[in-house]
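What follows is a pair of complexes built around chain A, which joins chain B in one and chain C in the other.
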Partner chain A sequence: MSAPAPRDLTPAAARPRPAEAPAPARPPVATPPAAVPTPSEPGPGRLGLSRPALGLVLLALCVAPFALVLAVSLGVPEDGAAWDWGLSLQNYRRVFVGLDWPETTSRLYLARLGWSLAYAALASVVAVAFAFPLAWAIARRSRRTQTIWLVFLLASLSLSEVFVVMGWDILMSNRSGLPMLFRESGLTDALKATPIFDWLREQGLASPRDVRFKTSVPLTVLVMAYLVFPYAVILLYPALSRIDPAMMEAARTMGARPGTVMRTVVIPQVRLPLLGAVLLLFVFLLGAYVVVTQFADPARHTLTVSIYESVRGATLNAPFGAAQAVVLLVAAATALLAASGLARLAERAR
Partner chain B sequence: MRLVQPLYMAWCVLFVAAPILVVCAAALNGGRSMLFPPEDPTLARFTEFFVTEEVWTRALGNSILIATASAALATLLAWPVAYGLWRTGSPLARALAGAGALPFILPPIVFGVGLGFQWSFTGLLGSLPAGILSHAALHLALPLTTLSVGLAAIDRSHLDAAATTGATEGTTFRTVILPQTIPYTLSGFFFALVLSFNEFIVMFFVSASAYATVTLQIFNSLRNGFTPTMAVGAIVFILASVLAFSLVARFGDLPRLMGADESRR
Partner chain C sequence: MSDLRLRDVRKTFPGGATAVHSVDLRFPAGELTALLGPSGCGKTTLLRIIAGLEAPSFGRIELGGEDVTDLPAHERRFGMVFQSFALFPHLSVAENVGYSLAIAGRPKPERRARAFELLDLVQLSGLGERRIGELSGGQRQRVAIARALAQEPSVFLLDEPMSALDAKLREEMQVELRLLQQRLGITTVVVTHDQREAMTMADRVVVMSDGRAEQVGSPQDIYAHPANAFVAGFIGKANFLEGTARGGAVRLAGGATLTADPPPSFREGSPVVVACRPEWLRLAAASGPNRLPAAVSFVRDVGQTREIHLDGPSGRLVVELPWAAPARPRLGETVHVEFPPEMLRVFPAEAAAAAA
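Then we have the complex of A and B:
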């Protein structure tokens, strides 16, 4: 769920450097006694030998499931829940234009893909917009304060989608949440006297008597943004902590106001990481499931919900579910490639 | 102007903590509904969750078993991959690391669907070992990343010293590399542990309703709405996460793991 961007996995220092001659002035104080070579040592020698086995394990556990989804997506559904292997594109046709195309066109699943993309895009932009000032503030604090913040953010980041939805469900419930707060404070009555209440009702955000946020697009986007907010802070934090304070001080001493410093010194340096963060959060949110089932209107459900319905739920059509999963996968992979391209650009610009 | 930053930080704490605090408070409800503030406060829900209600005790047991075993397995698998990458940096080593990171960076629902097919073809669908293997694969990227950071942080002069004094690769590994990377190994283990604990969607496809973890059990009971007993589960999980990450912060360098600049303190 959390942090690492793919590029983090090959840190520059991991690549072998030409061995430097040890400086004689620096005695190997901290080196433990290592003088007696013992050839029968277990350890990395063996690790080297076992590489084919390791490759097979990783292939079976990490790569094969994706290959299977692709293979099943080309299969042919039969009566009931049965299906057979095949090389048919009919499942993809059903995702994009419907089963009876070209006689009739159904945009049902295309619309679901649209909602997947829309929720994820909106929520990731909202999350980054709110995370930026916080990441900025944290990066200026002492190492100790930073660590406390990181523990707090990581703990809330790793919190299961199930619990997050539970919390927001209470916060938005009619009896003890925000609608209650609106009612008790008299805000609901005040709103009813204005045209705003009618507008809210048209938007589906109010019942005749109360404001109502479940189920709605804004709540879905808000909770999704909440899900990735800590992730956004953690993604922006390295880029912001690397900004040289001397540059800002120089700008300040030359008379630039804080707003100008932000615009001319900080933002140009972090534009690419900002965009990259949005893309990574977007990929993460493409997989959101519980939020959508609880807080989105059934007519505005996402592809993840219909993938579940096809593979496990009511409709039971494994090849069709697999085809939808592949479509989601392609969307995610595209965003990831764009993100890694941006990361490379940022690396070159530094 | 001075006040804006602290105020914004306080607002963020409130925003992040509000749903969590509300869930924690709801666990105290005496009745069956999730009210806030809690009505008729009692600790009876805690007894239900930990002792009397078998659905929850069994789910908690499964969660703990799967999280611990899968995190250990992920760390064990990540070691040779990260070591190979650091040692050789060869295209093969990079390909292995890339393969290991794949499940984590792509949408988990796709991985879950694929694993569902894979385990049903091999007849393991709905078995605990399949669940453990699935989570190990899903979270392999975490120890892989912390170990890569840790290996890159090893002082080069120690390695040179070991080499000039004639240490074999094995001895160097045991006396220099392993001790210096223990904090990063543990960090990776705890990251994988916490995320496995909280993971939902992959387990949803892999368990095939044969068994439930706590998050799964909560989702399965959602048809009847949230209940205060579930909220106890949430409290347990939050405390476990805070504890695990505090351990990581205590014994490892959290800002460094998160990619902060090392030159400034």
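Then we have the complex of A and C:
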């Protein structure tokens, strides 16, 4: 997984003005001192950057890299790892229908895109579903307890993906992890006597002799969810802590049982934060890499893995990697737009 | 309709703080009772115990002779208006009002009909489709009242219902709430720290301090005959003069003697406090029995009354004269303040410190 992008936590006012930002042009004629510039006037905005400067920063940080990737994706691969600029759509054709189209059609990369979306969607929903009760419990505690929990969660984010995956790898390994525990405790034999074992085999979670969790879709999703779990709690916590406890008490005096209070008062108020958390984690998890290479079946690897292979790994085909990256980005953007559109529709229908 | 009774209710929080010492109270059916006291006196805790939101550490709560102590809040279903109103921002006004009926599983048309009926009752006709965020503070309070009444509760509880409103609106709402309560004839308990609010609305006032009910009575009764120095100081204004009991009268610190009618029965020489409300004092030109000389230090003319602040040998005094009173003392002038014996209340001294 790509490391979380370092966020700029400097207060906007403290940020140095980029050198290329032209100082806001002062009118040569002295303005009357009473005239206070309104926000709509061109000039330094609230961020302390003039509009053109802000535009330049956006251009340098967001648009330019994307434009570069887009340009590379139109290039033509040559012998070895070399490639040349071009205006070819063959890389995209390869992503969607395969190199030999129209003779044969390959959906390999579309399937990988599908796995990317599926893992990320499932894992973000699982993470938020598990994070909600914890965030709720934390938000009901005393200030001091809340602080301790949040510090703990933030600290756990310092564990790198590699480290977490290694831990899970050991935990799930056949010879020393959970399967060993199952075997030694006799649970495996007990399971074999029941239809559950057959079901596990159908799901690919057992070999004829043993339970086997690697490689599997559930484990991949679970570890992905585990990776973003602290984020999920931290994303949900502010919304949940803002809910006035008196609201829940009011609902109780009106006949609502605790479960009904949760369903009718709490969850409806945090619907948007819930959706927001799922979407954010979804986008974040589209970039998951290590966890997929370790826990997913090679036939079920994601587009992220094959992008890496194209750009840095075995296949070394930068234009093709760039094309896959563009497709992944567009798919993610489409998913986000669709989700927010659905949310808006649901809001209106109420 | 049936009385609500608290029998020896006590509440001690896990930390060891005692919010309510033994409280025995009867809330007569159909009456409005105000729990009045300074902040931290346990009045809100007591209201929450009545609502079922807090369990008493000891004692019983009875409604019409039936023990409801162990009934959880959602089965007790006393309508409650919260200080913050606690309206649901994700629901419309009508949905807020109909919430209790929705929980009870009543069909939607019935809920809506009842919600609109209640909104009419609290004079919010036509606002049923609004969002909570679009309402003013006063409108929100009306919605909170309508919502609490929707389930036709046997007891109606209000926790500092006016504290979020501005002063003018507060007075209007006090009258309006009282009229509504009388119309519905619902047993009501209001928690407030504002004695004017309690006097405006309540049939009976329970003055609380430090987790105890200090006095229970009608507003007039409590005002005219405070049970102790705390009540005298908390309800309305009072002049307090320290002295000692001497032969059925009070010898003040300054040496003068005041007689009270009926004469107080204290042990000879025990420290006492004489309380007298500013409007019960009179000004006289010459000295005489039960009169103390004092110099005018400040005159505050507030329209319907005139407050005369005085410095005398027995301490500072405030006399409140009606607007039409002929006496117009000037600053620095020495006058004689008359203490009518039948208007003096004498209390033991130790409670006075708490009231000041």
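Following the convention adopted for this analysis, the second predicted complex is superposed on the first by the 268 of 350 C-alpha atoms of A that agree within 3 Å, B and C clash if a C-alpha of one lies under 4 Å from a C-alpha of the other, contacts with A are read in each partner's own complex, and residues count from 1 in each chain.
Keep in mind that, in the parts below, contacts are C-beta pairs under 8 Å (C-beta built on N, C-alpha and C of every residue); 3 or more make two chains touch, one makes a residue touch a chain.
The structure displayed is predicted, hence computed values, not measured ones.
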Which superposed partner A:Val151 touches (first chain B, second chain C, both, neither): first
Partner chain(s) touched by A:Ala256 [first = chain B, second = chain C, both, neither]: second
Partner chain in contact with A:Ala246 - chain B first, chain C second, else both or neither: second
Which superposed partner A:Leu59 touches (first chain B, second chain C, both, neither): first
Partner chain(s) touched by A:Ala338 [first = chain B, second = chain C, both, neither]: neither
Dominant toucher of chain A (residue count), chain B or chain C: B
Overlapping contact positions on chain A, where the chain C interface meets the chain B interface: none
Touching residues on chain A, where the partner in the complex is chain B: 1-4, 6, 8-17, 19-23, 26, 28, 30-39, 41-45, 47-48, 50-51, 54-55, 57-59, 61-69, 72, 130, 133-134, 137-139, 142-143, 146-147, 150-156, 158-164, 166-171, 173, 175-177, 226, 229-230, 234, 237-238, 241-242, 245, 258, 283, 286-287, 289-290, 294, 304, 307-308, 311-312, 318, 321-322, 325-326, 328-329, 332-333, 336
Of chain C, residues touching chain A in the complex: 51-53, 72-80, 82-84, 86-91, 99-100, 102-104, 147-148, 150-151, 157
Chain C contact footprint on chain A (complex, rising order): 244, 246-247, 249-257, 260, 264-265, 268-269, 271
Chain A-facing residues of chain B, complex: 1, 5, 8-9, 12-13, 15-20, 22-23, 26, 33-37, 77, 79-81, 83-89, 92, 94, 96-111, 113-118, 121, 133, 136-137, 140-142, 144-145, 148-149, 151-153, 155-158, 160-176, 179, 191, 194-195, 197-201, 204-205, 215, 218-219, 222, 226, 230-231, 233-234, 237-238, 241-242, 245-246, 249, 254-255, 258-261, 264-265
